[in-house]
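One chain, chain A, appears in both complexes that follow, with chain B as partner in the first and chain C in the second.
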Partner chain A sequence: MEEQDQMQSSIEVEELEEQQQREGKRLEEENVVRFLDSLDSYVTLLDSLSSTLRQGWLELASARQSMGASRINGALLDLKFHSAATSLQVTHHDDEILNQPHFTLCKWASSKNGYGDEKLRENKLQTNSDGPQLRHRSQFAEKIPETKGAPLIVDDQVQKERTKSLSMFGTLVSPKLRAAQLSFETALETLVEIANVRLTMLSTSDQVRKELEGTEG
Partner chain B sequence: MAGRAQIPNKSSALIAMIADEDTVTGFLLAGVGNVDLRRKTNYLIVDSKTTVKAIEDAFKEFTTKEDIAIVLISQYVANMIRFLVDSYNKPVPAILEIPSKDHPYDPAHDSVLSRVKYLFSAESVASGRR
Partner chain C sequence: MHLSATEYGPYLQNEPSPLHTTTIVEKCTLKLVEDYKHMLCQATEPLSTFLEYITYGHMIDNVVLIVTGTLHERDVQELLEKCHPLGMFDSIATLAVAQNMRELYRLVLVDTPLAPYFSECITSEDLDDMNIEIMRNTLYKAYLEDFYRFCQKLGGATAEIMSDLLSFEADRRAVNISINSIGTELTRDDRKKLYSNFGLLHPYGHEELAVCEDIDQVRGVMEKYPPYQSIFSKLSYGESQMLDKAFYEEEVKRLCLAFEQQFHYGVFFAYMRLREQEIRNLMWISECVAQNQKSRVHDSVVFIF
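Up next is the complex of A and B:
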């Protein structure tokens, strides 16, 4: 009877060990898949960035041709004190699972108004891999009142900020310069996505490396 | 309160740039330019007269400032200070190498891809199979 009990418990222990090994293997494979996904996203986004930047440079060159080289050059850049209208929000999570920072682009944020001036773009790629973190909506987006006039106010403010940025090259600017501005805004959005994917890629590659070293040892 | 979600710690930050004039101008049009009270900017325009020391100093400055979260650097400029860029390993600020007008992006020189390419080497694959 005792022997049967001992056999039963050793079988249970073996089954538990097998289950743990299967679970460990599954986690390793998940890390590898996450790493490969992030690497693929990184390369794809860089390709997209290259074409967006090319378009922006071409539009800038066209604007320079129509407005004159003296009207679009580095000497005209505003060196008076001013804060960046487009900035980043860096979110740090303190728990063990989401232990890497996350970047969110805040386009044309105005320090004067408390609402409605910010256009926040979330990283859609991160939405697929990091669940709850990316369902978080910006606190500023939540403050926008749900009236018909509010989106128009936001657009007006954004247009004012864009015009203010263009004004360093004069009051009347070429449409190509406006187009270049939009291209570089798109490039910024892509760059923030790249920054988030880069963090995922580096953290998953570290995990895969540790697993490989554990296998070798 | 039981089961309360962690409140994330948020902070606002800037994007710094070390690139050629057209790239910097374009991103300044997008509103990322910042000039502080001491007239220090969050960008460095690199041209033929810019010294390697100036680029190194700007890189060190931008990567140590607490209010900068991303540093954009043209890849051909990063190649001039490759040792410095490759030895940088903090998550924030993130160093992103970008193409420039005259120098297309080359994945072989990207510091991030260089860090992970060992995972695709024949040795690492073979050792994982043993």
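Up next is the complex of A and C:
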């Protein structure tokens, strides 16, 4: 009877150990998958950034062709002091898995308008956070959301800020210049996403390396 | 390398490699200016006045460049380097001290050929981006109308050919003003005031263009005019990217036709405009090469003859 009890408890202990090993392996595999996912996202975003910038530079050249070199050149850039229309915020999350900073782009937000971070962001590529969202625009003509009136007001203000920043080249500018502005805006958003994804990639890479070293040890 | 075998070759041969797009454009423009001055110094009245009229557009662009750059606290020397050489005049640097249009006129422009064009836009309002834009377009409108009247006075084949070319220019400007002002603070009345008082679109087309809120409405207006129907038929709905090229192609076609007739001054205007188109082509090609996007060369190159 005692022998049977001992055998049963040793079987239970073995089963528990096996379960723990399986759990440990599952976590290792999860980390590897997370690392590979972030690597894939990183490479995809780099490619997207490259093509967006190429498109932006060509659109700028096209705008120059259309409006003339005297209307689009570096000598017209405004050197007067003014507050930044776009800023980058760094926040820290208390996530146990990914204890890392998170970058957020605050576009077209100025103290005059009072439009804070919460209204102007949308994140296309969601990371492991409840972080703010970034807005992505790929067309000059805005797609007006169907739901509420507030987003329409925000879109109008954003459009005004965009027009204001282009006004150094004149108030009546070609649609090509506006398209170039949108392309560079998208490229800036992509850059911030790349920074976030890179942080995730480095963090998961560290974890995988530690686990491998632990296994070898 | 290819330009070395052309008349632009001597202007570029001493430039260090790699050649930048701005250098190519600058040197080709220098060649154009020399050719223009060669024609001007051998011209008598009224051809010399006709040739001078061709440069007033560049003068207006230079004035606006200096005023805008000064508003943005840029150095005057830097701005002068960016001015088009065909539009230079003696007191151009003094533009930097003017605070409003009245001062612009009184201090500088009263002694230039642009003086008569200022009567419609002299105000004491401070110069800002919107006022400068309105000033630019008002000046250009006055210039085009004055040039048109001058050509009508010359009469004959010059009047006939230049009337067609300048009307096309006025109509193109009306379309560009309409499209570029969509979504801006420019009111309908202000937009209408910037359209010239001649051209195929005057006056009924202008009435309709003044109220257009998007590109498709502009297309709807322009398609009622047969000469412009062919231009807009090349574009898909909602598209405006290829509109410039379509207009340039139509302009080049009309400029080439100017050489079919004899004994008129329109050939000089056509020559200068076609040379400017050639330089625009070179600028686009060199941009595509510099950006490693050679497949996009045909997006904006306009073939001449």
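Just so we're on the same page, the second predicted complex is superposed on the first by the 173 of 217 C-alpha atoms of A that agree within 3 Å, B and C clash if a C-alpha of one lies under 4 Å from a C-alpha of the other, contacts with A are read in each partner's own complex, and residues count from 1 in each chain.
Basically, contacts are C-beta pairs under 8 Å (C-beta built on N, C-alpha and C of every residue); 3 or more make two chains touch, one makes a residue touch a chain.
Just so it is clear, the model here is predicted, and its values are computed rather than measured.
K.L.:
After the match on chain A, would you call chain B and chain C a fit or a clash?
P.N.:
Fit: chain B and chain C sit side by side once superposed on chain A.
K.L.:
Check the contacts made with chain A and report whether chain B or chain C touches more of its residues.
P.N.:
B
K.L.:
Touch check for A:P101: first (chain B), second (chain C), both, or neither?
P.N.:
first
K.L.:
Could you say whether A:L199 touches chain B, chain C, both of them, or neither, answering first, second, both or neither?
P.N.:
Only chain B; A:L199 stays clear of chain C.
K.L.:
Is A:R34 contacted by the first partner chain B, the second partner chain C, both or neither?
P.N.:
neither
K.L.:
Looking at the overlay, does A:W57 come into contact with chain B only (first), chain C only (second), both, or neither?
P.N.:
Both: A:W57 reaches chain B and chain C.
K.L.:
Can A:S70 be said to touch chain B (first), chain C (second), both, or neither?
P.N.:
The second partner, chain C, only.
K.L.:
Applying the touch criterion given at the start, work out whether A:S167 contacts chain B, chain C, both or neither, answering first, second, both or neither.
P.N.:
second
K.L.:
Under the stated touch criterion, which partner chain does A:K176 make contact with: chain B (first), chain C (second), both, or neither?
P.N.:
second
K.L.:
So, does A:D78 touch the first partner chain B, the second partner chain C, both, or neither?
P.N.:
both
K.L.:
Once chain A of both complexes is superposed, is A:F184 in touch with chain B (first), chain C (second), both, or neither?
P.N.:
first
K.L.:
Give me, in Å and rounded to a whole number, the least C-alpha distance separating chain B from chain C in the superposition.
P.N.:
Nearest C-alpha atoms of the two chains are 5 Å apart.
K.L.:
I'd like to check the shared interface: which positions of chain A are touched by both chain B and chain C across the two complexes?
P.N.:
Residues 57, 61, 73, 77-80, 168, which sit in both footprints.
K.L.:
What does chain B use to touch chain A in their complex?
P.N.:
5-6, 8-15, 21-37, 39, 41-42, 45, 69-70, 72, 91-92, 94, 96, 98-99, 101, 104-105, 107, 112-113, 115-116, 118-119, 124, 127-128, 130
K.L.:
Where on chain A is chain B touching in the complex?
P.N.:
Listed in rising order, the residues of chain A that touch chain B are 35, 39, 42-43, 46, 49-50, 53, 56-57, 60-61, 72-74, 77-95, 100-101, 103, 106-108, 132-133, 136, 161-162, 165-166, 168, 177, 180-181, 183-185, 187-188, 191-192, 194-195, 198-199, 201-202, 205, 208-209, 212, 215-216.
K.L.:
Can you list the chain A residues touching chain C in their complex?
P.N.:
Going through chain A, the ones touching chain C are 54, 57-58, 61-62, 64-66, 68-71, 73, 75-80, 141, 159, 163, 167-168, 170-176, 179.
K.L.:
Residues of chain C touching chain A in their complex?
P.N.:
Touch list, chain C to chain A: 22, 25, 61-62, 64-65, 68-69, 72-74, 78-79, 81-84, 129-130, 132-133, 136-137, 176-177, 179-181, 183-186, 214-215, 238, 240-241, 244, 280, 283-284, 287-288, 291, 293, 296, 299-300.
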